[in-house]
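Next come two complexes, and both contain chain A; in the first it sits with chain B, in the second with chain C.
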Partner chain A sequence: MNKTGIAGWFNIKDKGTGYFAFAFQRFSGLVIVIYLYMHLIFLSSLLDGRTTYNSLVQNITYGPFDIFIVMDMLLALVIFYHGANGIRLALNEFGIGLKHHKLFFYAYESISMVLLVLFLYYAYLFLGGH
Partner chain B sequence: MNNKNSNGLKGLGPLGWLLQVITGVFLIFFLGIHLYLANIDFGHPIRFFTAVLENLHNGYWLAFYIVFTYIVLYHGLNGVRGILYDRFDSQKSRALIKYSLSVLYVVTAIYGTLLALAVSRIAIP
Partner chain C sequence: MVKRRNEHGDEYYDNYNVPADKASTVLEALLYIKENIDQTLSFRYSCRMEICGSCGMEINGRPRMACSTQLASLHSDIIKISPLPHYNVIKDLVVDFDPFFDKYKKVKPYIIRDDDGNYSAEIPQTPEQFNEFKGYAQCIKCGLCMAACPVVGTDENYLGPAPLTALFRYNIDNRDQGIMYRIDIANSDDGTSRCHFAGECTEACPKDVRPSFAIQKLRVQGLKYELKNIMGGKK
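What follows is the complex of A and B.
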């Protein structure tokens, strides 16, 4: 039982990798759910027509609000983290990796971070594509 | 590493946890494709209005995105349920959480479906 609430997740002092994995899995999950609803609201602007939608995409991709690119990168980070740790937890359910939690955690997260860098590289490369 | 800490959401019960794992596995597939299409697609990312419309005018992609919406919503809101169950353990609180999130799921799923269908019916300029 976690009675400390969300603030308690960030109290990682003197706690191990397991607690960090637990806390950040939940935090990243909440961030993704909030983003999901923001994404739905954003996509609703498709109904306003080409000019409005393209203008919004243009503004958050090429400026003046291109700070959203940084937020997109942070979002990609939490998605890749959440996915990799989620795969580890799913495999644990089948008894895979139970004896070497720490090793599996670092292995999956390392792979996911390499994939994240590749994703960001290609996304940046094709940022100009319409 | 303490596995008790790294495993979360056990308060969901066996079925809720199993569905969380299954939808999570599906999301690797759905989200992987979505991220590729929307951000990379080797020079032709589906980002601007016409590209989005062309994509959703294809019935298979329309079905893909509607199913994707249902799965990602379930996974997300079921996860929120697990987090809230850890914080509130009385039967009354949990019933309220479950009911509220179920309503939110249905409302969002209907909105997402209607939005996808509406966009798929906009004429491509």
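What follows is the complex of A and C.
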């Protein structure tokens, strides 16, 4: 059969809810894997000593380069999305809620977004916000 | 707009103006083009009533049957028609279904009996038993689900929605005794594990067969079967 390639996964135009859920699940999964590797590479700088690590942390989290807070927020978004949709998929794959899978998707994602807002609020407080 | 392909394999769109009333279908529009404007246009069709499964094509971005898609339902004066994705194009809107039918054959889509058909008495089937698989038996092998499935588009070995639905349909038929021959196919790397439940196969199916539901149920059936084996049950 004729292959369309990975780019085809993200062609969500004219597609249904399930397809959007699928495409964003793939995208969020890729983001999480890339983050995991970046995180491990970053942590491995500790092998060169505390000074190297601290200097890296200072360089990327302060001043004009402090975009990592925004990236952390986006990371939290994809993780919450991926987790909630993952639970829905696991249930559906066991035959639970098949007929109402779209309703399950909206319900789970709504709950996960509420939890995300709560998480971001407490993260903000943790960082010293008032 | 109809996607076509010249003798060098280059793809291009031809534009045609077609008269239409509120009941006109895409197939009727194509037949009008063929009869009045361009006799070189190629497309496949037969029954004109969504039974033969021949006239599947991508219409305004979605796999649909040309015979049952009314122009008015598309809510657009411009209609874009392309051959079904994930299939090799033979000419214009005609695609090669052989790989699809090869996959279909792999799942043994027929009743298998221990007695090789040499039974002396009638095999009873209650209406409840019939209704269990009736919905899945409505498949007309139009291949729209294979065109809609994003996994079929990236993994040519994946069996796909229609074959897996057929596999499930025969597994749950009370007359069948061939589950042990099919379940390993369903549980293989090219089977149910490749489905990520995008659900587009169910959206595209013109006969409301719901292949994505069948695949999830087949997953559970496969799991139960394997667990039974592990616990020492008979294969």
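We adopt the following convention: the second predicted complex is superposed on the first by the 124 of 130 C-alpha atoms of A that agree within 3 Å, B and C clash if a C-alpha of one lies under 4 Å from a C-alpha of the other, contacts with A are read in each partner's own complex, and residues count from 1 in each chain.
The definition used in the following text is that a contact is a pair of C-beta atoms (placed from the backbone, for glycine too) under 8 Å apart; a residue touches a chain by one contact, two chains touch by 3 or more.
Quick caveat, the model's predicted, so the values are computed rather than measured.
Participant: Looking at A:60, would you say it contacts chain B, chain C, both, or neither? Reply first, second, both or neither.
Facilitator: Neither partner.
Participant: Check whether A:12 is in contact with chain B, with chain C, with both or with neither, and answer first, second, both or neither.
Facilitator: neither
Participant: Between chain B and chain C, which makes contact with more of the residues in chain A?
Facilitator: B
Participant: Have a look at where A:31 lands relative to chain B and chain C in the superposition and call it first, second, both or neither.
Facilitator: neither
Participant: For A:75 in the superposed arrangement: first (chain B), second (chain C), both or neither?
Facilitator: Neither: A:75 stays clear of chain B and chain C.
Participant: Looking at A:113 after the superposition, I want to know if it touches chain B, chain C, both of them or none. Which is it: first, second, both, neither?
Facilitator: Once the two structures are laid over each other on A, A:113 reaches no partner at all.
Participant: Mind working out whether A:22 is in touch with chain B, chain C, both or neither, as first, second, both or neither?
Facilitator: The answer is both, since A:22 touches chain B and chain C.
Participant: Between chain B (first) and chain C (second), which does A:89 come into contact with in this model arrangement: first, second, both, or neither?
Facilitator: both
Participant: So, A:98: does it touch chain B (first), chain C (second), both, or neither?
Facilitator: So A:98 meets both chain B and chain C here.
Participant: Can you pull the chain A residues that chain B and chain C both touch?
Facilitator: 1-3, 5, 15-19, 21-22, 25-26, 89, 92-93, 98, 101
Participant: Within the complex, which stretch of chain A touches chain C?
Facilitator: Of all residues in chain A, those touching chain C are 1-6, 8-9, 13-19, 21-23, 25-26, 89, 92-95, 98-99, 101.
Participant: Give the list of chain C residues in touch with chain A in this complex.
Facilitator: 60-62, 85-89, 99-100, 146, 150, 152-154, 156, 196-200, 202-203, 212-213, 216-217, 219-220
Participant: Residues of chain A touching chain B in their complex?
Facilitator: Spelled out, the residues of chain A in touch with chain B are 1-3, 5, 15-19, 21-22, 25-26, 29-30, 32-33, 36-37, 40, 43-44, 46-47, 49-50, 53-54, 57, 61, 76, 79, 83, 85-90, 92-93, 98, 101-102, 105, 119, 122-123, 126, 129-130.
Participant: For chain B, which residues count as touching chain A in their complex?
Facilitator: Contacts found on chain B: 1-8, 17, 21, 24-25, 27-28, 31, 35, 39-45, 47-53, 72-73, 76-77, 79-80, 83, 86-87, 89, 108, 111-112, 115, 118-119, 122, 125.
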